[in-house]
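So, here's a batch of structures to check.
Both complexes shown next keep chain A, but they swap its partner, so chain B is in the first and chain C is in the second.
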Partner chain A sequence: MQEGKRVKKYRMSRQRTILAYLFLSPVLLFFLVFFLIPIVFSLYISFARWDMLTPLSQAPLVGLKNYQYILFKDDLFLLTLKNTLVFALGTVVLNVVLSLFLAFLFTRSRFKALWRTIYWLPMVTTVSAVATMWQYIFKARGLINALLADVNISGPIWLADPRTAMPAVILVSVWAGLGGAMLIFSAGLEGIPDSYYEAARVDGANVRQEFWHITIPLLRPTILFNLVTGFIGGLSSFTLIMVMTQGGPLNTTNVVANYMYQVAFSDMRMGRASAMAFALFGVILLVTLIQLRVFRRGGIESY
Partner chain B sequence: MSSAITGRAERAIKTGRAGRAGRGVSPWGIAGGVLKYGILIFGAFTIILPFIDMFLGAVKTIPEMRAEPPVWISRDPQWGVFLEVMHLLPMARLYTNSFLVSISVTFLVLFTSALAGFVLAKYRFPGRDLIFGFILATMMFPVFLFLIPNYYILRHIPFVGGNDITGWGGTGLMHSRLSLILPFMVSAWGIFMLRQFAVGLPDELLDSARIDGASEFRIFWQMILPQLKPALATLAVFQFMGIWNEYLWAMTITTSAPEMMTVPVGIWLLRDSLDPMRNLALIRAATAVAVVPIMILFVSLQKYYVKGIVMTGIKG
Partner chain C sequence: MKRSRLVFFVALVAFSLLFGLTAGSAVIAKTKITVSVHYGGGQIEPLQKLFQEYMNLHPDVEIVTQTVAFDDYLKKIQTARLSGESPDVYHIYSLWGPSLANAKILELPPAAVANDVKANYIKSAVDGVTINGKIYGIPTEINNYALVYNKKLFKEAGIAAPPKTWDELVQIAQKLAKRDAQGKLTTSGFAFMRGWDSAVVHPFMALLFANGGQFLSKDYAKALFNSPAGVAALEQEVELFKVKATDASSEVWNFPNNTVGMMIMAPWYEGTLKSAYKDKLDEMVGVAPIPAGKKGLATSQYTWLWAVDSNSKVKKEAWELLRWLNKPRANGKTSPQGDFLVGQGIIPGRKADLENHNELKTDPFMKVFVDQLKNSISEPNVLQGAEIKTKLMDEIMSAWAGKKTPKQALDDAAKKVNEILEENY
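So, the complex of A and B:
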């Protein structure tokens, strides 16, 4: 009797396991074909010299030469790496600070649906459209310079001036990402029980104290989420810069993703491009781990 | 919404502070309130201004574009520019392509995410945590790490597009919309989100259905899916938007197959085509034509997916 039950239970759990893998099979197959194979493939060609036109089997292996080249000889790669970090850091920091601040205000306001709709608009706008819109705004006689002219400042040609191109691109990136980050922050803010704030108010806390002593500590997981996903997106960002500046002027806005695309599909140097992709992955991984580490030290165990 | 209101009412009754329990009333004061709305309005204005600039710029006449000081609101708006765009860009085809790809991807992602999310949340089996961890880890890899291999893989799939058994001789899926759909049919983010949501569903639901002898797939299809609706709505919108705006892969694929070109790639290509001054207006008009319908769609659906976000609690 007891034995029979156990056998039955064992059979059921085995059945369930088979079923689980059956249900997961489309997903697993997908990750095999479009994730694992490409990773191995990329890793292989990062050690080879290959132009994509010849069969892969005829591509000569060159060992670590591609990595050596991009890390020690290719000044442009190092410059684009630096640009990528500047772009991501600028975008993420501004985005998180602004969106948190705005979300804090907006969850305590009337007309929530209205604010949400407006701030969300850039999120539903195709990135290449965003880039196009802003390109005109930054032109010599565009909106920004016209506004500056009203207060007697003669603005630069933003996207053609090596000093202003990067800040301009960062600004657009922040503008475009604000709504999404705000939405996630507002979901986090709604999750903080009202009673915490009420208790603070009974103790005579003002809004600023509420923000620093209740909102920020309780919102740490959400902040971490926005930081991590923001950095991953920012470090591999491509479209906005490709459309707005194509990496110019003088490569001041050229980022790794952009340069890699050029090396791969214009110069047909697949090996070198793959090595760049892995180098960038290394940077993303490092940045993510640092963030997780810092937040964990701060007492967040849920990650 | 209603529960929030009753909750607040209850608390107000308990604390005996009925009438002024609304959040955001007490600690701000009048100056704070003015500042708060001032900041929100200023921000909203900054968000809207580029869109307005785009519309105003699209309908200006050529002399108005050159005028000094700049003219903002055209005296003689050139509404015809929108029609001209329709002639210059195959807008109908771009929209059809974008819709076909985005809708297919969205449905595939919803299905695969729900199924995988359900299994990862509700089944206990060896390897589960490993698979879940692996799926989360895939999110960290930059997309363009897959650009070259995926291009190669899709080009050299055996037996399609003139390829022989070794995958050579033809162009593979390069001229099929599948090449725009397949690489996006599973979303790690989607699986993660639906798994988090499915964990919260009561186990009794499944057990009672199992006692009734329902098959596991039927349980998923008839009991779990309806429960996942709010999360699915949210995921659908994010996914649709993501793929609609996807540019890198679409550009890589459609440069050699312009008949499959999507909206974002189309707008970008327009810029090189005409005389610069006229182009200024045309590109802005094209941008407007590309952006507005989808914007209306999302704004009108907002109610559904915002609820899903709050309910799923993407709090990290």
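So, the complex of A and C:
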């Protein structure tokens, strides 16, 4: 009796599991076809020399040669890796600081919905449109240099000058991404109960002290989220730079994603490009793990 | 129950209808030839008109055209091949040929076509479609480079004639340059093309050839562009930056705004100039040979060609179509292909077309380019050509920016290019 019941129960739960997977199958299939198979495939290619034109079966396997080449021989890959880190770090740091400041300001101001909307607007604009617009603003005799000329400063040719191109694209990237981070910070700020601030005020804290000793520590999970997602976005950024500078001048804004695309589809070296993709993945993973470790603790729960 | 039966019935009818239709069309099946070209709107219609003419002559043939942008063309061939849906006929840039031939994607033409190409096209065009000693297709567009200058700016500066030597060109460029209060160029005496590999490398190649240099060794085993002739060519270019007649923001695309004095350009830019200057083109724009170097007049050239996919099921029909397109018409002396190209302001490679199209001798813009065909040298059809030129472009541009001396830049480029050549030759 008891035994039969258990078998029945087991059978039922097994049926349920099968049913659950059946319902999940579209998603799993999608994941398999568009994510898992391409990744395994490109991992395989990263050990081969393949131009996409010859059949894959004829592509010679070259072991670790692709990785060796990009890490030890290809100066341009190392330069683009450095550029990518500079771009991501610059974007994320400026973005987090500015958006946190703005979000903090707006939670304390009137018409906060209006301010948030204004700063969020670039987020609903396509990246290529943003990039094209800023291309005009940064021209030799564009808006910025016209304003500088009014105060008798001779501005550089922003996007064609190796010294100013990278700061310029970082600035645009920050401007374009400010709204998203700000919105997340606003939500995080709303989540901090007023009672903490009231208590602090009773103890005589001013706004600055409130910010440093209540807002920042309690906002750590939100900061972590913005840092991690911002870094991942920055490290794999492609469109903005592709449209604004194509990696120029003199490769000063060339990032890994951009170079990878060129190596794959212009140089027709799919193996080398795949190896770059995995190297970039390694860097992103490493940076993310470090961030998670450093900012692991914090938030309301830990107090 | 009733409802599901209805659904079943409807589905049955739909299926039988579908099969009926396909079966019906199979009865009057035509030979379908898919042609892939990089021509977009405005350019493709006259070509389609020619295809229509062919279809009228051959009612059993259906020609379908696909437009793929220049930048995406090679990628599209790659992906179409992977998915097994390649077109039958390609119109390709000569430098893509080696990779495609190496991967056995291109079908060698029948002997009659190859012999026709050898006999009836100018030598530099035949060179352009020759890969490893074999002819792989029929030459179409020829693009070579010449000096294009703004006649109005020349007149304003009191300059009567285009430069005959590079020193003269540098002096004229200095005279033409204008600056604003901040010292920024508002009018560039000279502008360099940039933005993709050929834009930077082809004009350099022209100066290299004029100086008597070679791009690669005959067997493609070694880069030769860092020879003294090449270093001199890059020094010539850098000189224009040094005297501040051009800078990093000087763009050839600003030429129609009358803010560029001179540039080294190919004939394909005529369309843009025509739509900017309309009937004043001749009054505003002058064309002259690139100033002679040690070896005299010389310039670089690249070619486009028709080729057939080796997987095509209609190879015979495809070559027949291409032969008709490129053969002089029975009544006149020009070919349909030549008529199409000349109508677009493009130079054809077939001798009969060059001889019998009057526009090529009278059009003030085109005639200099056509005349310079005798001094044009085809860029080498080398494997990994795009990669090689990109490496060279990076180094040329670092010399422009003054980061490296011309010699250093070209030596560094040669080192990288030799590594690439070593893999294949």
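One rule holds in what follows: the second predicted complex is superposed on the first by the 283 of 303 C-alpha atoms of A that agree within 3 Å, B and C clash if a C-alpha of one lies under 4 Å from a C-alpha of the other, contacts with A are read in each partner's own complex, and residues count from 1 in each chain.
In the analysis below, a contact is a pair of C-beta atoms (placed from the backbone, for glycine too) under 8 Å apart; a residue touches a chain by one contact, two chains touch by 3 or more.
This one's a predicted model, so the numbers in the text were calculated from it and none came from an experiment.
**Student:** Quick check on the superposed pair: does A:199 touch chain B, chain C, both, or neither? Answer first, second, both or neither.
**Tutor:** In the superposed model, A:199 contacts neither chain B nor chain C.
**Student:** Which partner does A:133 reach: the first (chain B), the second (chain C), both, or neither?
**Tutor:** A:133 sits against chain B, while chain C stays out of touch.
**Student:** For A:216, using the defined touch cut-off, is the partner it touches chain B, chain C, both, or neither? Pick first, second, both or neither.
**Tutor:** neither
**Student:** Go through the superposed model and pick first if A:54 touches only chain B, second if only chain C, both, or neither.
**Tutor:** A:54: touches chain C, not chain B.
**Student:** Given the touch rule stated above, what does A:118 touch, chain B (first), chain C (second), both, or neither?
**Tutor:** Touch status of A:118: first partner only.
**Student:** Would you sort A:97 into first (chain B), second (chain C), both or neither based on which partner it touches?
**Tutor:** Neither partner.
**Student:** May I ask you to decide whether A:160 touches chain B, chain C, both, or neither, giving the answer as first, second, both or neither?
**Tutor:** A:160 contacts chain C only, not chain B.
**Student:** In this superposition, which partner touches a larger number of chain A residues, chain B or chain C?
**Tutor:** Looking at chain A, the partner in contact with more of its residues is B.
**Student:** Counting only touches as set out at the top, which of chain B and chain C does A:24 meet: first, second, both, neither?
**Tutor:** Touch status of A:24: first partner only.
**Student:** For A:236, using the defined touch cut-off, is the partner it touches chain B, chain C, both, or neither? Pick first, second, both or neither.
**Tutor:** first
**Student:** Of all the chain A residues, which ones make contact with chain B and with chain C?
**Tutor:** Common to the two interfaces on chain A: residues 52, 141, 149, 265.
**Student:** Provide the residue numbers of chain C that touch chain A in the complex, in ascending order.
**Tutor:** Counting only chain C, the residues touching chain A are 74-75, 77-79, 81-82, 99-100, 102-105, 180-186, 195, 247-249, 384, 386-387, 390, 394, 397-398, 401, 403.
**Student:** Using the touch definition from the top, list the residues of chain A that touch chain B in their complex.
**Tutor:** The contact residues of chain A facing chain B are 13, 16-17, 19-21, 23-24, 26-28, 30-31, 33-35, 37-39, 41-42, 45, 52, 55-56, 102, 105-106, 108-109, 113, 115-130, 132-134, 136-137, 141-143, 146, 149, 175, 178-179, 183-184, 187-188, 190-191, 194-195, 197-198, 201, 205-207, 210, 221-226, 232, 235-236, 238-239, 242-243, 257, 260-261, 264-265, 270, 273-274, 277-278, 280-281, 284-285, 288, 302-303.
**Student:** For the complex, give me every residue of chain B touching chain A.
**Tutor:** Of all residues in chain B, those touching chain A are 7-8, 11, 15, 23-24, 26-28, 32, 36-37, 39-40, 43-44, 46-51, 53-54, 57, 69-70, 72, 112, 115-116, 118-120, 123-126, 128, 131, 134-135, 138-150, 152-153, 168, 182-183, 185-186, 191, 216-217, 220, 241, 244-245, 247-248, 252, 263-265, 267-268, 271, 280, 283-284, 287, 290-291, 294-295, 298-299, 302, 306, 309-310, 313-316.
**Student:** Across the complex, what residues on chain A touch chain C?
**Tutor:** On the chain A side, the touching residues are 51-54, 76, 139-141, 145, 149, 154-155, 157, 160-162, 246, 248-251, 262, 265-269.
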